[in-house]
Amino acid sequence: MLPKIIKKDDLRAFVEALLAENVVVAPTKKGIKYAFAEVDSFDEVALDYNITMLSPRKYFYPQNETVLKFKLGEKPSAEAVVESAPKIIFGMHPCDVAATWLLDVVFAEDPADPNYLSKRKKAVIIGMNCAKPCDEFSFCKDMKSYNATAGFDLMLTDLGDKYFVEVGTEAGEALLVAGAQASEASADDLKALQEWQNGKEKSFVNRIPYDTKFLPEILGASDDSLVWEAIARKCLSCGSCNTTCPTCYCFTVRDEVASNLVDGERKRIWDSCQLDEFAEVAGGENFRKARSARLRHRFNRKGKWLLERYGKSGCVGCGRCDRNCLVKISSVEVYTQLAGERAK
Amino acid sequence: MTDLNVNVHHLTRVEGHGNIVVNSKNGEIIDARLEIVESPRFFEAMLKGRRWQEVQLITSRICGICAVGHTCTSLQSTEMALGISLSEQAHLLRKCIFFAEQLQSHILHTYFLTAPDFVGAPSVIPLATAAPEVVKRALRLKKLANTICETIAGRHVHPIALVPGGFSRYPSVKELKALKETILSYSDDIDETVKLFATFKVPEYYRETEFVSLKNPSEYAFYEGDIYSSDTKKGVKNLDYKTLIKEKMVDHSTSKHCTATRDSYIAGALARFNNNYDQLHPRAKKAAEALKIKPVSYNTFMFSHAQVVETVHCFEEAVAYIDRILEMDYDVNEQPAEPTRMSGRGVGACEVPRGLLIHDYTYENGFIKDANLIIPTGMNLANMDADIRELAPKIIKEPHDKIELLMEMLIRAYDPCISCSCHLLKVEFV
Amino acid sequence: MKPKVAFFSFTSCEGCQLMFLNLEDELLNLLGAVEIVKFREAMKEVTSDEYDVAFIEGSITTHSDIERIKSIREKTKILVAFGACATIGGINAIKNFQPLEDVRKYVYGERWDFYDTVPTMQVDQVVKVDAAIHGCPVSKKEMLEVITSLLLGKTPNIPDYPVCVECKLAENVCVFDKGMMCLGPVTRAGCGALCPSYGNKCIGCRGLITDPNTNAQKDLLEEKGLSVAEVLKEFRMFDGLSEVSK
Amino acid sequence: MTVKEKNTPQAGSIFQPTIGKIVAAKMLTAKEKYFRVVLEGGKPLGQKPGQFVEISVFGAGEAPISICSSPTQEDSFEMCVRNVGSVTNLMHQMEAGATLGMRGPYGNGFDMEAMKGHDVLFVAGGLGLAPARGVIKYVLDKRRDYGDVTILYGARNPSELLFKEDLSEWEARPDCAFHITVDRPDDAWKGNKGVITTLFRHVKVDPSKTYAVIIGPPVMYKYAILEALSMGIPESRILCSLERRMKCGVGKCGHCQIGNVYVCKEGPVFSYAQIKRLREGI
């Protein structure tokens, strides 16, 4: 599908046209940070946001989702709940697009999970390319997710007085046709995009001192590394690294019963492998009681296992884990140290 | 004539622990008093050495029913001591949440704690089946009050967003608009409440006494004003509260008694009603008419009727204040104002549901050096004792259980919150 | 037969009992499912002196408290510690860090010995506790979870992970990012991270999780500028009885 | 312009349980209870030996429970449940006639085809007998398909022995060898005493054609596998069934992950050759 151009001044009209008939979520200012939220007007959209606290995964895989409704009593009954509603997600950065792509694969693996997929399939993703890294925590260049190649319906790049629009799907194209004063991109526009891209390559730097394609190998050889013990002493096991990660998908399940003692709901709620109970089984056996084992699990999952299993990296380098870690445990440092140890 | 020993041990349907004792011999009352047996809590000692940002977190825990009142009074004291001045929006929101707390507490007291006495039920629980629509209405109104508190400060019991200098989070304009609509939708329940209490027969009783409350020239005072006595017809400033209010220890109580101009005084809804009647919202004045309560009312049993009048007033004022906030230049991202000094003394004085509350702090380098708290129930204790002594001889010929009931009703009327009165302060023996 | 439920209040602000009455939407259902036999703050009648479940609010702070809680334990099948005062001592334990005689003298002056007091204890330091509802005040949701669980005969689902988990799920701005301190990383969740959601710090009112990294937390607070004494004071606001406050 | 609804995935939530009815329930020991369950319409469960189901007790949650009957028994399936927490406690309060929710069968189960023609050595410790029983019953029902069958079973003390009728039957059968031990015998106990590895000395196997099936508490694996290895049984024919925390049973919740495998999907049955590669396997 051919790329298009939207003039800067027309973006407002485009978003307002989307707003007129759709639920639109977009980055908004929340205190001193940003969060994706449903917006009512273009003015609420924080176009120049760097990164949101949570990724938009919360729209496909909510923090706390009812998956079953049941009734107690003589003859208990239960019916699964699969809810979804169409949505436009505006302004997603390439790293979050990449993360969503991984989740798509995970939840589609047999048996497919309609709770995720139905919401995902009803969403249109309008991406927003970024010209510079969010902040000092980003390592998306290392994880090769700073450019989105697929996984979006539209992807906007800010070329100064206009947006270059890559069209990823027909659904995306349909929106453009109906709502925007979009024109065909010219050869000049393509050149401008190329220049913009060259600039972007320069402003993003690698922070990990080796190609991350070696990461699985390095992690595979690091089971007994002292790094795990060292970071374990600092780790609060607060789970913030997981709960803010755009690719984490572990959940726990809880039943809740209403005060009439008849109606109830089964909820799935985001969980974290850094929490004490995560791997505990009956009889008190805990397969990852030690914080070091929990951390090793997390880093392996992000850097090795998900890639091996799903063919997509479990880490997109958005830096949310490092940014939210109160005790400054840093993925970049861990990956660097592990390789350094091996070099010795 | 038989000797009488009424001993209501652990008075029910009041907050906290108290006993009523009435003993007579040969038809003569030899002893009549209210004993406070609540465990002492030592709040003043706990406050010593605490940092200015966390003082209100501790004082809120003096009383769950008046948590908003304690928090705000505490903040007033801290803010005065450290020279922090509130923005207008913070000021208006503080006042607004005060209305919600009065509403919450008055609904609880009138419907759950005193109404059962008027209809001859032991508690609200049998009423849930006997008069479900009344109980449901009470629950609805209580929930309304909680909703207001939740929107403004996170919750009612130990509010969160109330911090020195303003709010740690302001409700959004959207939330405020929705809140106003919610409040307005309960208007009928307010009318029904007035109608219900107008049907209750209040015992005849008269004993002249003094009424102490805040008084403010521009409004029916809850959040701020001078400390006013109906005897002197004068108000004193917060910092001078000791020129009006004296405290003393008594043997039968773990809580101190207060006096002002005479031996005892009344604080609370009845005092506010008597002192500030003119400033009530017109709808509240109409309610007073329906409830047959007029200033100055010397009938202690009328407390709950004064509370119903205030309920109407607070309902109307809450809406009016939200309107005022919505009309002004409102900034949801406003940050709390900062202290301008780190040492000093401040006295907060507010009308919490049960009456005048005073927090008196001295700060040194941002930490509390000295703290003094005077709690409304403590203020009413002397008057309760006086009322017991006044009423006992008049009803001595009644059957034992009637005496017990009337005595309990008398004390319950004050809506005593004994747990919070039992902190006690440094005693100055005069 | 409906289970007989009783409420008792010890040294506390009675806010937790009020939270029970604040279950406006659920109260009538609950009153239909249980028989409340004793609730001094709300009712005069006492219909039974044996209970299936006794909710205990407040800390144990006097000699007579100790006797009373023991006698309640004898009369009830299940005893639930209800709120921070009961589960961890809460605010009431602040006084334990000053000599009790000083505390009494400061507050009561010459008449100090008139007032009985013992160092504040949480309920399970005196009698066996079967279930705990955490928080100052308790959260409605958790109160319902415990009550419905007791009625259904199952173990209530009480989180044993830090407040940060719920705080992140709520997508709050971390108060550390605003230059404040927070006890969320070591405090038991279940409140929905209410305080950070309203812009304030977690003050630790729900007690510590089972396996907190308190050393890391102390280091963190010190690094943010608190002195060792102030770090301790943070923990002593609610968790005065725990190891970390020593 | 409204977003066109794109195709919705086929309905069929992974969380939808079917309803089963308990037709028999009895206590086996003080902590373990036996259940026989019939599905709605009497449908067979269609499981493979070694698979498990997610049992729902609405209001309490779900728990993965091994199927302890053989698929050759088609009208119903059986479970043996230890009372350890919410779900299992409420299950213990259920009697015949009660209904519960069920999802599954899940997991890979044992590859009974591959095992055909081989000798089988069963090593079951404690509650591990529950999953093992389904396999043992299957092998004994298809006795001619398999070679020599040896069963080793260990429990902590005599009062914790499960399925006593089955034990006597296996003991009596001429076509299988059966050895039993308890760690802490009581006065009436006449058999072997000591941990399960002490039974290995009674056993002779031909390692070239033997499968070892090992199921027990986490501590048992290490030692039992060592014994099997020292007998010369190849790593790929030492099969274990692992227990992990599970919240979904279908490879989504992440709890049972070891390395890049999900125990609920690729397991719970693994050969030692596979486990060896997974650091946290045993």
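Observations on the model:
Which chain is which? They are A, B, C and D, in the order written, and residues in each are numbered from 1.
Note that in this section a contact is a pair of C-beta atoms (placed from the backbone, for glycine too) under 8 Å apart; a residue touches a chain by one contact, two chains touch by 3 or more.
Keep in mind the model is a prediction, meaning the values are calculated, not measured.
Considering every other chain in turn, the ones in contact with both chain A and chain D prove to be C. The chain pair A-C and the chain pair C-D differ in C-beta contact count, and the higher one is A-C. For the pair chain A and chain C, the distance between C-alpha centroids works out to 37 Å. Centre-to-centre separation between chain A and chain B, using Cα means, comes to 51 Å.
Chain B and chain D have Cα centroids lying 64 Å from one another. Note on chain placement: the centre of chain C and the centre of chain D lie 42 Å apart, centres being C-alpha means. Chain contacts: chain A has residues 31, 72, 254-255, 257 touching two or more partner chains. Each of the following residues of chain D touches two or more other chains: 59-60, 85. Within chain C, the positions touching two or more other chains are listed as 25, 148, 152, 157, 199.
Under the contact rule defined at the top, the touching pairs of chains are A-C, A-D, B-C, C-D.
Residues 9-19, 21-22, 24-25, 27-28, 31, 36, 39-45, 61-62, 65, 90-92, 94-95, 98, 102-104, 106-111, 114-117, 136-137, 194-195, 197-200, 203, 230, 233, 237 of chain C are the ones touching chain B in the complex. Touching chain D in their complex are the following residues of chain C: 148, 152-155, 157. Residue ranges of chain D in contact with chain A, taken from their complex: 1-17, 19, 56, 58-62, 82, 84-85, 88, 99-101, 217-218, 243-245, 247-248, 250-255, 257-260, 279-280.
The part of chain A that touches chain C in the complex is made up of residues 30-33, 35, 53-54, 58, 63-64, 72, 233-240, 243-244, 254-261, 269-270, 272, 275-277, 291, 324, 326-327. Taken in their complex, chain D has these residues touching chain C: 59-60, 85-86, 89-90, 93.
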